[in-house]
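In the part that follows, the structures are each spelled out as C-alpha cells.
Next come two complexes built around subunit A: one with subunit B, the other with subunit C.
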Partner chain A sequence: MNAIDRRWWLGGVGLIVLAAGLYLGAPIYVLYVANLLMTYAVLAIGLDILLGRAGQFAFAHIAFYGIGIYTTALITNNTGLPVFVGIAAGGLLAGLVGVIIAIPATRLRDVYLALSTFAFAEAAQWVFNNWDSVTKGPNGLRISPAKLFGHTITDDRQAFFLVLSITLAVIAATVLMNRSKLGRAMSAIGQSEHVAMASGIGVQRVKVTAFAISAVYAGIAGGMFTLYQSFIHPDSLGFDLIVLILTMVVVGGLGTLPGVILGVLLLGLMPEVLRNLREWQELIYGLILILAILFMPRGIWGLITERRQAWQARRVAARPSPVQDET
Partner chain B sequence: MTGTLILQGVASGLVTGSVYALIALSLVIVFKSTEVINFAGGEFVMLGAYVAMFFLVFLGLPYIVVVPVTAFIAFAVGSAFDRVVLDRVLGRHRPGQSIMVAMVIATVGLSFAFKGTVRLFSVSDNVRTLPPIFSTDPVFLGEVVLSKQDIAIFLISVAVMLLLFAFFQFTKVGRALRATSENPRAATLVGIPVRRMRTLIWGIAAALSAVAGVLVAPKLLVSPDMGGVIILAFAAAIIGGFTNVLGVIVGGIVLGVIENLVGLFVSSKAIAIAPFIVIILILMFRPQGLFGGAAPIKKV
Partner chain C sequence: MSEPLFNFDQVEVRFGGLRALRGFSMEVEQGTIHALIGPNGAGKSTAFNCASRFYRPTSGDVKFQGRSLRRVKPAAIAKLGIARTFQNVELFGRMSVLENVLVGMSPRIGGYLPFVPGARRMRIEREARRDAEALLDEFGLTDFRDTAAEELDFGRQKMLDVARALACKPKLLLLDEPAAGLRNREIAALDALLVDLARNRGMTIVLVEHVMQLVMSIADRITVLNFGAKIAEGTADEIKVHPEVIAAYLGTGHA
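Right, the complex of A and B next:
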C-alpha cells in the first residue's frame, strides 16, 4: 500500500467516523450547519469548475441554484415522487438553462461574460419574485418535507446522510472529471484560450460544457437545500450569496478542490463564530476578499502547497548528495 | 393625453438619465484606462450621498461647499484604493493570464466593505433623503411639468460632462490620461507616468460617481443599498460599447427615458428588470455596443 492509498484510506475512515459521530451525537443545530455547509460546498465546487478551472468569470450561479430549489420544491409539493426525482429534475433544468445561457454568453469577452451573467442572475431573481402563480413571489414558497421510499424527511438529522451522500458523489464526480480529457481541456482553456485552441481543443464546446456542469451542480445544490429547509424566499437568492460563495472559492484557493472545501468550511463557520457581530459581517467579508486577493492570490491552499514544496526542497537540499561527496 | 404622458416620461427620463450617464462615464473612464470593471462604482455613488448628507444635514453647510468637498473626499478614497490594492494586484500579475478575476474580486470586496462600513452607523438604519438642491417648485414647459430641482440636476450633470470633456481635450494631464488609455506602452515611452495616471483616473472616477450620488439622492432614496443604481450605469456603458464616451452618455439618457416610459406604460414592477433585458439583448446581438464600429480584434 503506498502513501497515497494510505492517505485515502485514513481520510475515508476518518470521514465515516466523523459522519457517524455527527449523526448520532450532534445537536440538531450542528447538523443543520453541516447540511448548509455541504450545500455551499456543492455550490462552490460548481462555481470553481467554471471560474477556477475554465477561467470563465460568470455570476449566474445563484440563478441556477434558485432554479434547482424551486423545481425540487414544486415537484415535492405537488407530487408524491421520491425526492431524488425532484433533485435530478432541478439539476437537469438548471443545466438546460445553463446551456441556453452559455451558448451566446461564452462567445463574449471576459468582461462582458461577467456582466451578462450578472444581468441574468438579477433577472432570474426578478422572475422568482414576480412569477406569483408558480413561486408565490415575495411571499416565499413553503417546501413540504421530502419523501423517499415511503419515508418522510422531517428534520436535519434525517436529511444529513442524504445530503452527505450527494456531496460525496459530487466530489467524486469532480475528481474523476478533473482527471478526464474534458477536465484537462478546461484547465488548458483556463491557462490560455489561444494555446488551447491551437492545440485542437474545441474551446467553445468545452466552455459550454463547463458552464452546463457548473449549472447542474448548482441545481443539485438547490435540491439539497429543499431536503432540510421548509421555506424559500427570493430575497435569499441575491448578489450577496454569490459573493459569499465567491469568497469561499477565492479564500480557499481557486481551481483546487481541497482548497475550495477548506474555504467553505472556514467561511461557512464564520457566521457562527461571529454571531454577535452580525452588523460587521458585510464589512468583514469585503475586507477578507480584498486581503485575500492582496496577500494570497492562490488562496489558503496555495499557501499550504507552497510551504510544503519549500519544505520538501529544503529536505532534498539537506540530504548529502552522493555525486558531491565523490568530487 | 398619451402624447403628453410620453413627453412627461421623456422629460423626467432626461433628468435621471443624465445622472446615470455620469455614473456610467465613471465606469467607462476607469475601464478604458485600466481594463477594470468597477463593481464598487455604485458604492462610490452611495458614499457620495452619505458624505454629502453628513456635511449638509449635520454640519449645515450649503451645497456649493458640500459638492466640491464630497468630490475631493471621494477622489482621495478612489485613488487610495488604486494605490494600496489594485496597484499591488497588478504588480503580481503574470503576463498571459487574465487579471480580470482578481480585479473583479478586489472591487466586489471594496463594495462590500463600503456597504458594511456605512451600515455600522445608525444613520443608515432609516432610508433618508437629502434636502432639495433647489426649490421643488414646478416649472411648466409646454404641457410638461418638471421641478426647478429637476432642471438644476440636469444642467449640473451636463455641466460636469462638459467640464470632463474639456479636461480630457484641452489640459495636458487630460491628454496624458487619454494617451495612457490608448496605449500604455507608448505612453510610457513618451514619458507619461502611467502608474500615476491610473491612480488619477480612479480618483476622478470616484469623484464623478460621488457627485452623481449627490445629484441622484433627491430622486433615489439614500440607503446603504442605493449602489444598486450601478446596474443602470452598466447597461448605459454597454449601450456605448464600454469605450465610446458619447455613446455612453446617450446610453444613460436612453435608459433614464426607457425606465420612465416602462414605469408609465408597462408596470412599476417591470422597471427593475428593464436594464437587465437591455444588457442581455445588446450583449447577445451587438456586443460592441450600439455606437461602436466593428468589434476590435486583439492580437495575441
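Right, the complex of A and C next:
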C-alpha cells in the first residue's frame, strides 16, 4: 500500500467516525449545514472536473444543478417512486443536456467558452422562472418529503445518511476516474492540448465527456438538495451560487480533489462564523476569490503539495544525474 | 527498392501568402535515423506538424506505410504508430512522471469509459503501469516516478518527453530538437539511446536538430531544408561538403 492509499484510508476512517458522531449527537441545525456542505462538495467536485482538470472555463454548472433539483422534485411530488430514481433521473437529464451543450461549446475557447456557458446558465434560470406549468415559476416549487422504500424522509437527520452516502459514492467515483485513462486524458488536455492529441487522446471527445460527467454531478447535487429542502425558487440558482462554488474550488486548489473538499469546508463554514456580517458576504467571497487568484493560484492544497515536493526534492537532490554514469 | 516506411510526397503548405513547404519530398527507410536540418524557419517543424496532422498539406501527401495521412484524425496518428516530441519540451507539468508516460500509452488502453474498472480494464491498466515503470527505469527516471514533471531538471524533462513518446510503442519516432539545451554528457547519452533504438530495436527515427555533433554522428541520412524547399540530401559526409548547404548556413558570400 503506498502513501497515497494510506492517506485515503485514514481519511475514510476519520470520516466514518465523524459522520457517526454527527448523526448521533449533533443538533438538527448542524446536520442541515452538513447536508448543505456535502451538496456543495458534489457541485464543486463536478465543477472542478471541467475547470480544474480538463481546463475548460465553463460556467453552466448551476443550470445543471437546477435541472437536477426540478427533475427530482417533480418526480418526488408526482410519483411514489423511491427518491433514488428521481436523483438518477436528475443526474441523467443534466448529463444529457450537458452533452447537447458541450458539443458546440467545447469548440470554443477561453473567454468565448466562459461567456457562452454563462449565457446558457442565465437562459436556464429564465426557463425555471417562466415555465410556470412545470416549475411554478417565480412562486417557487414546494418539494414533498422524499420517499425511500416506504419511509418518508422528514428531517435533516434522516436525510443525513442518504446525503453522506451519495457524497461518498461521488468521491469514490472521482478517485477511480482520476486514476483511469479518462482522468489522465482530462488532465493532459488541461495542460497541453496538442501534446495530448499527439499522444493519441481524442481531445474533443474527452472534453464532451468531461462536460457530461460534470453535469451529471451537478444534477445529482440537485437531487441531494431535495432530500432536505422543501422549497426551490429560481432566484437561488443565480450568479452568487456559481461565484460561491468557484471560490471554493479556486481557494481549495483547482484540479485537486482533497483541495476542493477543503475549500468547500472552509468557505461553506464561513457564513456560520461570520453570521453578523451577512450583508457583507458577497463582497467577502469576491475578495477572497481575487486574493486567492493573485497570491495562491494553486490554492491551499497547492501550497501544501509545494511544501511536500520541496522536501522530497531535497531528499533526492544529492543523487547524480542518470546520464552522467553512461559517459 | 522497398517501399519507404514514411514519406513526404510533393508536400506544399501555404499560410496565406507564405509557402512554408514547397513541394517537399523525403523518403525515410525502416530502421534508419534520418535527420532533417536547416536554418530557422526552413519548414522543419511544419513538416512534423503535417505528419502529426496538426496541419493538412495544401497539396501533396504524407504517407505512412504507404497509407495517406490526409484523412487521419490527429488523435489517431499515435495509434497508427507515429509518436513525436516537441520543441522546447512540452510535458504535462503538474502530472507525475509516471502519469506522463501513462498518457503516452493511451492508444493501448482502449476507450475512455467505463472509468469504474472491470477485471479486464484493471488488467490492462496494471500491465500499462508495469510497462511504464520499465520505461522509467530505462530512462533513469524511477526515482522521480511520483514527482511532478515540471519539478524535473531540464535534461530529465527531455528524457521524459522521449519516454512519453515511446510509451505507445511507435514504429516511427519524430523528435523535434531533442538535444537543444542539453549538456555534452546528456547529448552523448541521447546519442547512445537513439542508436540503440534504431540498431537493436528496429525503430525508425526522424529528428529535427540544430546540434550538428549529434546529427553528424548518428544520422544515416540527412535532408536539408531551406525556405521550405529541399536543397540537399545524403549521408553526413556528403552533406558536410555540399555547397548549397554551406551557403544556406553561412550565407551566400561564403559559397
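In this section, the second predicted complex is superposed on the first by the 301 of 327 C-alpha atoms of A that agree within 3 Å, B and C clash if a C-alpha of one lies under 4 Å from a C-alpha of the other, contacts with A are read in each partner's own complex, and residues count from 1 in each chain.
In this section, contacts are C-beta pairs under 8 Å (C-beta built on N, C-alpha and C of every residue); 3 or more make two chains touch, one makes a residue touch a chain.
Since this is a predicted model, take the numbers as computed values, not measurements.
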Practice task
Name the contact category of A:Arg205: first (subunit B only), second (subunit C only), both, or neither.
Solution key: second
Practice task
For A:Leu115, decide between first (touching subunit B), second (touching subunit C), both and neither.
Solution key: first
Practice task
Have a look at where A:Ser192 lands relative to subunit B and subunit C in the superposition and call it first, second, both or neither.
Solution key: both
Problem - Common interface residues of subunit A - those touching subunit B in one complex and subunit C in the other - result: 191-192, 194
Practice task
Write out the stretch or stretches of subunit C touching subunit A in their complex.
Solution key: 52, 54, 73-79, 83-84, 86, 90-95, 99, 102-104, 106-107, 109-113, 115-117, 125, 139-141, 143-144, 147-148, 151, 153, 155-156, 159, 164, 168, 185-186, 188-190, 192
Fill in the blank from the handout: The answer for subunit A against subunit B in the complex is residues 51, 55, 57, 104-105, 107-112, 114-116, 118-120, 122-123, 126, 130, 191-192, 194, 243, 246, 250, 254, 279-290, 292-294, 297
Practice task
Could you please specify the touching residues of subunit A with respect to subunit C in the complex?
Solution key: 173, 176-177, 180-185, 187-188, 191-192, 194-203, 205-206, 209, 255, 309, 312-313, 316, 319, 321-324, 326-327
Completion exercise
Residue set of subunit B touching subunit A in the complex reads 31, 35, 37, 85, 88-89, 92, 96-98, 100-102, 104-106, 108-117, 119-120, 231, 234-235, 238, 242, 269, 272-273, 275-277, 279-280, 283-284, 287, 300
